[in-house]
């Protein structure tokens, strides 16, 4: 219970000539929802992609359940039990909701059926639109589908990139509820720009700046730390009072 | 007194001018030109002169293609269409319509440039708006279409048999200026110099074009189109300009080719196999380096001329074994294999790989 | 929109129209076989395979050789029985498909894999492969044209109420429809087919979901090549001759059909192919020299209104 399920140590990564990740380290344990925070371009999405094997690392190590996965190909990593929801959702719009799940399903048995029931419980709209093409769903529903898809497998780790992007606040609230329910089933790493959402569902955080992880801790600590929020996220909840102070 | 500061391009040019006579490459170039000028006096064998003039013509053609492919990044598979237009215009005016005179020759070239230019703009308008890969396929289709048109419209183009024709005045085969420097200066020799001059000028123009500010914009479009658009360049316009310029050059080389062989037919000027040759030459020589065209063309023309001789050699070693004969006969087989290997190991071509090596040495 | 194809009725007698329609549909089916392979390969692997025409030619030659050999053993090709003819015909096509499918797999592994991601180098390297494969045919079979044997019962025509319908085109249409339906059903109903359809949209995501997309790449390439081969065998039977350069002539048509139909879509290939086949035949009858022009015109018109083809990126 105390060993981290995922351990990322000192990874460096290049995209073309750009040194995007210059030393990223973090770890997550069971029961946690870890949020990766930081400004745009700080390396959060790239970190997720390196875990998934979509971006090669030049240095460092990535360990999942005590096994090195940094040299594996994406489909091998997926088969180890890691699910990935990219920023653009990665839906197959011309396929139906059902077919989207079919592609995602790695095996078909009793457990799959049970998991599907659970998915329908959290995201009832998916049952209604089961036979419809994914492309006609609304923004919020698409996001639900994108997050629900990897749940059909017994994934122990879920990587989700900016789930609340482009969603209306009421939909975000629904998502937050869904995440609370998901927490019991799988470990989640989230990249999130929306601090409200991040603070509502995250248990732990890592702050990214310029391709490095600079701070981490429990979410409750960050919520109260105005200085850090301002410095790394450029947000502040204190109304500005002018130049002095 | 205010000093007018120079733009980066101007600074670069100034530096180039100053260093010009220190670089070894300029001497190689001068030597090469002198060599070419001297060729008719050097070699009595007509076959050799034939190979060399073809190298000159195709170098220019390939260089024009390189502007499109290597500098602007437009993948066209129908470039030889303009080559064919140039050839056919010379052939039709001189041959079909029998207007054998300097004036009509000039007119032929003029029309070739005009028609190629207009066609290029039209195709560009239509096709540059779609994905690059479609453009490649569509240009191929258009060229095939032109090929079939040329084969079918016997009345205008002489069909599959093509058109043979004579040249005017000092260019004609019968003409001779008399002896000079040990050889008989015939119309052929004069044609040689005429074509050489034309291609030389074209090549200089292309160099100028590529090194101008316009040329740099084209390279920026090739490297990162989105960025160029973001900076404010109407990339589409530049692409059309580059494409039109290169088509016109191709058309002129086509006319020169027809001038030399005094014959034009679908197979000799409009076929896909010529396009394949150009592709091979550009990749062997190196994309994005105009001089690569010269290397590629030399390589291919020389190989073409001498491989059949090697074939006979090999065939004579294994007499009476039909399979062996067939294997050695079909040198195209090795051509294809060679093509594949070059793309695999030397995607930058001879010149490109050389440049890379030199660059690496400079960094150390 | 399909009504456009009834316009020629104004200019041609109904009986001739029927004959032309049948041959147009047959030509369309043959084009479909070649174009669909190319379209699927481009849609799924994002690879421009200019050697596709050479694989077509290989298909023709393999079915030529296998047909001749089998006929020598069994004589089914020369018999009057439609059934024996069909069996030997289909077997020769099957063999062609299998052999070229394997050839395709090798080509994908050796020649295509190194150039994934760069359309330009794909053009270069597949051109080299095309030259090599074509020349290999000249080495193995000789450079001359050969006569393609046609099963006896396929020759000639039937007389339906005064309408002359050539027999072989009917066979071609039949085989074409069966193949189209088979592929369509595989794509729609099986898990593998669904994964392929998903891969046409987003290959990276398919990998992320745990599927070894490289295996699928090889598979789709093999099937696309096999389709071209079957198309080659059938085309050869249609024109009753084979020569090493036949691929080059057909590939341009196939290219046009694939673009018109939308790259990556089987249904698009079928519809595009039928459009091209029909229009070519009608125009060839009315104004022989304009036949090719109509195909180009079709291409231009469709691209002006739908730059990505009729059915972009999907069935």
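The chains carry the letters A, B and C, assigned in the order they are written, with residues numbered from 1 in each.
Simple rule for what comes next: a residue touches a chain if its C-beta (ideal position, glycine included) is under 8 Å from a C-beta of that chain, and two chains touch if they have at least 3 such contacts.
As the structure is a computational prediction, the values presented were derived from the model and not from experiment.
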Inquiry  = Chains as vertices, touching pairs as edges: which of line, ring, star, complete or other describes this one?
reply    = line
Remark   = Between A-C and B-C, more C-beta pairs in contact link B-C
Remark   = subunit A and subunit B have mean C-alpha positions lying a whole-number Å distance apart equal to 54
Remark   = Separation of the C-alpha centres, subunit A versus subunit C, in whole Å, is 45
Ask   = What whole-number Å value describes the gap between the mean CA coordinates of subunit B and subunit C?
value = 35
Touching residues on subunit B, where the partner in the complex is subunit C = 69, 75, 77, 126, 129-134, 136-138, 140-142, 144-145, 148-149, 152-153, 272, 276, 279, 283, 323, 326-327, 330, 332-333, 335-340, 342-344, 347
Remark   = The residues of subunit C that touch subunit A in their complex are 191, 194-195, 197-198, 201-202, 204-213, 313-315
Key: subunit C to subunit B touching residues, read off their complex   = 48, 111, 114-115, 119-121, 123-125, 127-136, 138-139, 142, 248, 252, 255-256, 259, 289, 292-293, 296, 299-300, 303-304, 307-308
Note = Contacts from subunit A onto subunit C in the complex sit at residues 52, 54, 73-75, 78-79, 84, 86, 90, 92-95, 99-100, 102-104, 106, 149-150, 153
